[in-house]
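Following this message is one structure expressed as structure tokens.
Here the chain labels run A, B and C in written order, and each chain numbers its own residues starting at 1.
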Amino acid sequence: MSARLTIDKTLKLYVGGKFIRSESGRTMPIEDEDHRAVNVARGSRKDLREAIRIARAATGPWAGRTAYNRGQILYRLAEMLEGRLPSLSPGAEAAIDRVVHHAGWSDKIAAVLSALNPVSTTYVNYARMRPLGVVCAAPDPADGLLGLVEAAAANAVMGNATVLLIDARSATAAAELAEALATSDFPGGVINVLTGELAELLHHAADHDDVDGLYLAHGATASLQGELEAAGARVLRRMLVVPGAARPATPIQLQKLAEVQTVWVSAYEPQGGAPGY
Amino acid sequence: MNQQKPSDPTLKLRGALPLAPAPERCPAPVPERLGHFIGGEVVPGRDESLFTSYEPATGEPLCQVAAADAEEVDRAVTAARSAFDRVWGGMPGAERGKYLYRIARRIQERSRELAVLESRDNGKPIRETRDVDLPLVAAHFFYYAGWADKLDYAIPGQRVRPVGVAGQIIPWNFPLLMAAWKLAPALATGNTVVLKPAETTPLTAMMLAEILAEAELPPGVVNIVNGAGATGAALVDHPGVDKIAFTGSTEVGRIITRATAGSGKRLTMELGGKGANIVFADAALDQAVEGVIDGIFFNQGQVCCAGSRLLIEEGIAAAFLDRLKRRIETLRIGDPLDKNTDVGALNSVEQLQRVQRYIEIGRRQGAAVWQGSACPTPEQGYFVAPTLLTGVQQTDTVVREEIFGPVLSVLTFRTPDEAIRKANDTEYGLAASVWTEKASKLFEVAHALNSGVVWANGANLFDPASPFGGMRHSGFGREGGIAGLWPYLEIQ
Amino acid sequence: MSTATFRPSDAQQWHSARVDNATTARRVARARARSIKTEAKDRLLRLALSMVDLTTLEGADSPGRVRALCRKAVQPFAEMPELPHVAAVCVYPTMVPWAGQALGADSPVKIASVATGFPSGLTPLPIKLEEVQRTVGLGADEIDMVIDRGAFLSGDDQRVFEEIAAIKEACGGATLKVILETGELGTLDHVAAASRLAIAAGADFIKTSTGKIKPAATMEVGLVMLEAIREHFLATGRAVGMKPAGGIRTAKSALHWLVLVAETLGSDWMTPERFRFGASSLVGDLLHQIARRTDGHYASPRRFSVD
């Protein structure tokens, strides 16, 4: 009896909640864990441009949801990943737990990072965290699925829309995340997954002025950092470089995925001291 | 807009309050020559590097200033490094704090003298240097002094250490205040500093050097080098500098960002702005007028967070402009040292020409130009009367570019959404104001603005406890408040 | 002149005026920062003196006390006869004849009197009207009435308005100053609304306080009232006067008030026809500062008469 001919799957891009092929029509061959050849869509400059456009449209509605709701959606992603655990790459448990960790930050990080500032005048003054907007994130391929969910969840919890730029070598993990996202409650466009040649994708991202922030895992991007910083000068782009995904982003790292916005609100001028005392 | 009929009742505001000259008389001698402050010593600088600084109110020479070259900058950085390694970096926070408290007190004690020097050097009214700049300078040192021994609480869950040697480059619009904004957090967190004042306003920084010496701050903890762009570049490029903090134009901010790319130097950038001042029909209108005045004529509009775009709800636009013009007609323009001056001189002849060029561009693109004040604009010196540009649109140069002068572009809107869209229609994102008495709208609009600072029913308010800084092309990093510590700390 | 009529739609407009406290305080601080020196100070001190309603409103007031006050009103400081007389004396109704006698006929110093159940204003309207008519009949040139704050605060604008309108009519040719008693109004928004109401009802002047309640004439309150006067003038051409009263004791604070008037209403209000200070001890300090400017040294307060 001849062996069954297997069905090959091309791993597609995940943009705006849809799985799409690269507009370039190009793919990259990689080997999966079982040393089988897999074709991965090779995201192009145009694909990135489209993903950024879609991510931009997703920012307002995502940031406008309540923090509780964003936390629920993140936790739902963990549930979807957990359900697929048998089919995920080894070590996926840590990635799932990481999503749960960040889901819990959603309605608390503001309390840790915000401040009520005692200014010397009759104004109420507070510093709040405001999302950056659109962030292109390059996790370290060495971190696998954990690196992907760390980048995606840290940004999601701060209210950003993310375009994950993923080296084709991590395409399996990318597909695992994208498939979980597609069945989760994440609105399309909040987390987008582009696979391809990482240096090329980063170069295109740095060249795009509508990218508010770059999230870079040191291991993936160390050699490119100078070039990316220089390109970012044009728009004074925010850059967050993280060592890797071994530990979850700390509050001060999460802060760098947001803007401090200081609001002054005029208050009643009491006659003869503060009222109510 | 809104031509008045001759029969309309008119208030005789211009000239209603003739005042005698009221010059501030506190003596504040100007040194003939300024050098640098390196390793605790005042050094004269090189003779061949001298350039002239002018007094904006008269256009006359004020003093000679030496410009530091790369070699002098290197000496300053070396002094800072040595002070960091030997004394300052490892000093207990409580001790560092006490130095800052001393400096704050000494500034208070010499504040009037400093205010006079600042007004002469910068051209801004003594009312502002005396009532705004100097009190804030002292307050900044007081505020960060108290942080020095509490840095374990600055970043949640982290142990911290100083970054090292900070190169700080400050602008001419608030010379001493910007020095304080830079120095106070850097010193409180245990960094040492090489500070470069702007080439047109070196006076108060050098007097601050005297105060630092009087406070017995260890030599080399703060070094001051004078000079222009080349001196700044030498500081930015110096491999011994761990961090650059810059306040100035977006253009120079980009140059510095490129120059330091890949170097591992940390950056804080406080750059330009094109702030919106949004006035809703349900605002407290007379106070909104006051806010517009404070927003654009404070420091002759030479403020990165100036409210240089006025957005008025269409239904009240004409009436609001009348109110605004009436108030402008009570503003006194002239001698910065006169206590009654509301609008002083622009800082330099270059700045004067830049502002005049923008007014001309506005006129060419179809703007109606209206200028007013309580008294005639002086002939001598770098003065521009408060200016309104009406009939302008979002596409006009004067609406898009930072003018950095007493020039207000007036636009209208119909709904809160339109106000937000227009306010956010800029590459900048530093500061904005919103005027409404409806609380729900106030918070909705304030939070929707792409702006690092939002004043709700206020304008141009500053406080050491309040973080200040921009989004997008207005830069990154914050000065003031707990957030102002973060750029000067490394995680251990 | 026909009596003003109350319209609910107007009332809505009076109450739509909004005031931001923090920025009002900043504006006032800017006025206070004006530095008034040399000739400007000489001129404004004399102007301030000419704007004073020299006031005595004590239960113990007597003909003798009023006679003393009137002498000072006409010639505040005998050493400097060139100084202006004050604008008016302000007394209780029963003291009006004594003031008339002391000042004489055709005196340039006006007689103002606090009628309408001063200082609470809680007397039935017919009695208030009677009091006003009688006081004018006794020779008062000006009537300082108080509004019914209880009615205003409980939303009965109509009652307040109609009282003012009726009293205005009862005044005949006398000038009507309407006291809002701002210290009892609680907010600057209320001050703005009450000012507009009083102006619409026919007030010739609006006045801050009776002097019996603290806080009295704060500059923040004054600015809001001046702004109401400005709006009414620009809309109708009718110029209403302003009178801060209570707590203005120093020449310096009087000068700050004049800055606010000049910068809000302009030179047409820099006259006793349109601006008054309700005060008693202020005159002493004005004289003190005038003498200081003239003599070049600082006099003892004992050089100036107590009353």
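Operating definition for what follows: a residue touches a chain if its C-beta (ideal position, glycine included) is under 8 Å from a C-beta of that chain, and two chains touch if they have at least 3 such contacts.
The structure displayed is predicted, hence computed values, not measured ones.
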{"item": "Contact graph of the chains (line, ring, star, complete, other)", "value": "complete"}
{"item": "Selected pair, greater C-beta contact count between A-C and B-C", "value": "B-C"}
{"item": "Averaged-CA centre spacing for the pair subunit B and subunit A, given as whole angstrom", "value": "36"}
{"item": "Centroid spacing, where centroids are CA-atom means, of subunit B and subunit C in whole angstrom", "value": "43"}
{"item": "Inter-centroid spacing, subunit C versus subunit A (mean Cα positions, whole Å)", "value": "67"}
{"item": "Per-residue overlap in subunit C, given as positions that touch at least 2 other chains", "value": "20, 22-24"}
{"item": "Shared interface positions of subunit B, touching two or more other chains", "value": "457-458"}
{"item": "Shared interface positions of subunit A, touching two or more other chains", "value": "121, 123, 266"}
{"item": "Sites on subunit B touched by subunit C in the complex", "value": "8-9, 11-13, 15-22, 127, 131, 282-288, 290-291, 294, 330, 339-340, 437, 457-458"}
{"item": "Residue ranges of subunit C touching subunit A (in the complex, touch as defined)", "value": "20-25, 215, 218, 220"}
{"item": "Residues on subunit C engaged by subunit B in the complex (per definition of touch)", "value": "18-20, 22-24, 26-27, 33-41, 43, 227, 230, 233-234, 236-237, 258-259, 262-263, 265-268, 270"}
{"item": "Residue ranges of subunit A touching subunit B (in the complex, touch as defined)", "value": "112-113, 115, 117-121, 123, 125, 127-128, 130, 212, 225-230, 232-236, 238, 250-252, 255, 259-266"}
{"item": "Contact footprint of subunit C on subunit A as seen in their complex", "value": "121-123, 266-269, 271-272"}
